[in-house]
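What follows is a pair of complexes built around subunit A, which joins subunit B in one and subunit C in the other.
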Partner chain A sequence: MTLARTRRIADIALLSFGLLIIWEAVSIALGMRVLPAPVQTATRLVALLAKPGFLRDLRATGEAYAIALGLAMGGGVGLGLMFGSSRVLGETFEPWLHVLVAIPKVTLYPIILLLFGLGDAAKIAFGVLHGLPTVAIMTAGGVRSLRPIYGKAARAMRLKRWSYVRRILLPAVMPEIVAALRICFALALLGVLVGEMFASTRGLGHLLMASIGVDDMPTVMAVILLLFLFAGTGSSVLLAVVHRLKG
Partner chain B sequence: MPESSQPIHAVLSLRGISRVFLAAAREPVWALQGVDLDINAGEFFAIIGPSGCGKSTLMDIVAGLLAPSEGEVIFEGKRVSGTVPDGVGVVFQEDASFPWLSVYENVAFGLKETGLDRAEIDARVRYALEFMGLADFARHHPPQLSGGMRQRVCIARTLVLRPRLILLDEPFAALDQQTRLLMGEELLRLWRETGATVVLITHALDEAAMLADRVGVMSARPGRFIEVVATGWPRARDSTVVADPRFGEVTARLWSLLRLESLRAMGRDFNNPTPA
Partner chain C sequence: MAQTAYTPRRTHAYSVVALLACIALLEAVCHAGWVRPTTLVAPSAMLKAMIVALREPATLADFGLTLGEVVTATALASLLGILTGLFLHATPRLRRAFEPFIASYYALPLFALYPVFVVVLGVGARPIIATGVMYATMSVVVATLTGLDRVPHVFHKVARVHRLNPFKAAWRVLIPACAPEILGGIALSVGYAFVAVIASEFLLASHGVGHAIVDAYNTFQTERMYGLVLALALLVVLINGGLRRFRGRVAEGGP
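== the complex of A and B ==
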């Protein structure tokens, strides 16, 4: 293990320890009823993970999230490649994507509910709505910053259009796509959870709202901790991939 | 000269090539006007001209990457239009290697499009890597290589496709002088070995004089050929021809032609030079 690596691990350990101390301190200051302490929260999380009801919620969120992430990435990369390659398409549609990124998407949720009804489709759509515009914008930006010489080289080697997309365009834009995946990873999760919080009968978002309703703070904190660990790990792994790709 | 390559028949003909660039609210710019040229099979032809005379535009037109506004390009008896014809390989001034692929995969890139079987692709790639002195770097990626090495990768990538006409647009412009001389020798070796016709665009007089059978000198914009100078070198030659008295004569001739054009390109009136 290199020295730099050892130091990084030490840094992360130190940071986590510091956060736990602060959490514990705030918990003592506000009282356990308002903010359960780390040990209490972890104990509850372990207990929840053994309960079939919780696992059903976890599964519901996980499935909706995986579908939303897949659709947001697939759709976003597809649209981004199109908008980045064609000036007309880009100039026509990209401003709309920027508007979508800017507005609080929760204001659109009533429309989503009307379109998709209560249930999985609505929360998936909401997750896609959160992630897709950013992915499309970042991918289109990557295509536009492509060195024109790649296109010339492709023509000089008589590449067919699909070969060009598959063998030059996609790999050349891959660092941007992975960077977009990292952001979409967080945004789609936000969308799905918010969707579950407002109009759903299952999933972690629903569990959160239900627990707040019955003042079950240990469960609230346990769900938050689980999401924190999941999002933190995913984001770190993807960041490492981004760094690696950008060499 | 006993071995000098004499024209046998034209493999590439340019007939009245013009190219105009139109921009909104600006005067149209004629990059090329009335370019005529015949290049013989197996010939090494260099093109020099003042900066901005349309050399690279001409190159793109010859390669089929850009359509001429007037005139036509005939390669092997067929008119070039819209696409790069089969049998033509292009090496650009800019580094066109793909950083996400290894050197080996870069060189194999175009071959994978041809539908050749893997063994044949591997054999051609290994030969080209060996030929260009890249064999030890097959697993490296372009960002790990120097500019000269990356340009070799691009030449090897073109070479494996066995082009009958190789177009090079200032391929050594970004390299230092020593590397350029050595790359020039490699280019001569490649030309002799493949028997291909080579068209080299360069801004370096000495490079043109040293490497080519004939050198076409272009005028300031709009570009056209003002003279074609034959060097008379034997086919088996290398950079030591610079010691030949004839090298000085050729270079001097090229410079006398190019000097006036370069002054014109810089906007100076050579008949009434402005006092310093």
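== the complex of A and C ==
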């Protein structure tokens, strides 16, 4: 088991190395000014991490992302439990959640800006808009596939509604909630970043747009690399949790 | 286990009633003057603005351009995705190593690479199509892998008995066998191509529907902006509805 694990990690390292070589080759073919090479990108990232301005951007994005993720998960799980438990509510509102998932949400961003104003609230709302519908749909699906015996047991024990939700419903749909968290983790990040890329004055998204504007590709690549490392680590950890929960 | 499972995907009578109620409420709120018309316009005004916008040849051209980019990106992504899927499936070790990359792929704002595409491909539709391909390919790869996993072992045996080389085996046996999954993945990838194309137009380009919406926002044409968003949303819902039907039919007719 541990041997298989080490082998897998070695494979991932090998693949990462291969991808770095491809990146290097493409960068040589296109020229460093167009696509900075891995070493150049990593050096820029290290240099950026020592800059107070960059750390301010990082913090702005981090805070907005944490709030958006929390709201999307809380709201999504709450709505999902409601839609999953009540057939009428589910049939009334869930089709519109599916529509919301399908629409390219960037187009809705001007509307969000008009409603929430320029600033942090808009990008948080945008992150929530990206994550919440999927979480609600997945949670509701989890509730619907529960075995009816759980409800019967709760009735036999005369649980109050709140105790039923807390003691039975939530633990039973926990695998779906963690799976939803993994997807929401990525969607909310994308939402916040895209929110920052348009009509924003701080955050990593704004830094990306500003760097594109002055043709500073090393910074663009450094930010993308940082985001990739963060998203990759987070989603791998959550994937491991999902596998453990499912046994 | 799943005897009570149902998914309310189809629009149900209740949901239509709820939508109509929301529209009526919005209309009333706007007419009562509780919100400024520069923030939110009444649904009737949105509809009117949409019809006005769609009568302009320039807007129609923008829609045509965006749709063309989405279709081209989806076609290229399908080809690339199926080939990558076949290759990864044939090399299980590589595939397992790739999994973390696949899992975090969609969290990235990859359209930040747009300037690179502009330098390589020039200004215009091509860098946008490239961004669309980048986003749409991964869902085809994942679908192809899922499909190939479900191909019964006997199919591989049959290919070996007939001494098909790997290319013929893929073309004659494997791809037809997992056609339902692949087509499902392509239908999904249309959505991703749409998101990437609109986002690039919106943030970086100077043409297409995405740009028209930003332009209306920046020039304080709030009604026009809502009208364009409504038109685009209706278009996407229509296309998705059609694709979902298509996927349903393919799944029924599949092996």
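Observations on the structure shown:
The rule is simple: the second predicted complex is superposed on the first by the 246 of 247 C-alpha atoms of A that agree within 3 Å, B and C clash if a C-alpha of one lies under 4 Å from a C-alpha of the other, contacts with A are read in each partner's own complex, and residues count from 1 in each chain.
In this section, contacts are C-beta pairs under 8 Å (C-beta built on N, C-alpha and C of every residue); 3 or more make two chains touch, one makes a residue touch a chain.
This one's a predicted model, so the numbers in the text were calculated from it and none came from an experiment.
Shared-chain residue A:Arg167: touches subunit B; no touch with subunit C. More residues of subunit A are in touch with C than with the other of subunit B and subunit C. In the superposition on chain A, contact of A:Ser235 is made with subunit C only, not with subunit B. Looking at the shared chain after the overlay, A:Leu58 reaches neither subunit B nor subunit C. Contacts of A:Met217 after superposition: subunit C is touched, whereas subunit B is not reached.
Look at A:Ala156: by the touch rule set out above, it reaches subunit B but stays clear of subunit C.
Where the contact sets of subunit A with subunit B and with subunit C meet, they give residues 147. Across the complex, subunit B meets subunit A through its residues 63, 65, 83-84, 86, 89-90, 92, 94-96, 98-101, 109-110, 113, 143, 154, 157-158, 161. Here subunit A touches subunit B in the complex through residues 147, 149-150, 152-153, 155-160, 163, 167-168, 171-172, 174, 247, going by the rule given at the top. Partner subunit C is touched in their complex by these residues of subunit A: 8, 11-12, 14-15, 19, 30, 34-35, 88, 90-96, 98-99, 102-111, 113-115, 141, 144-145, 147-148, 182, 185-187, 189-190, 193-194, 197-198, 205, 208-209, 212, 215, 217, 220, 223-224, 227-228, 231-232, 234-236, 239. Remark: subunit C residues 1-12, 14-15, 17-19, 38-40, 93-94, 96-98, 100-101, 103-104, 106-110, 112-116, 119-120, 191, 194-195, 198-199, 202-204, 209-210, 213-214, 216-217, 222, 225-226, 229, 232-233, 236-237, 240 touch subunit A in the complex.
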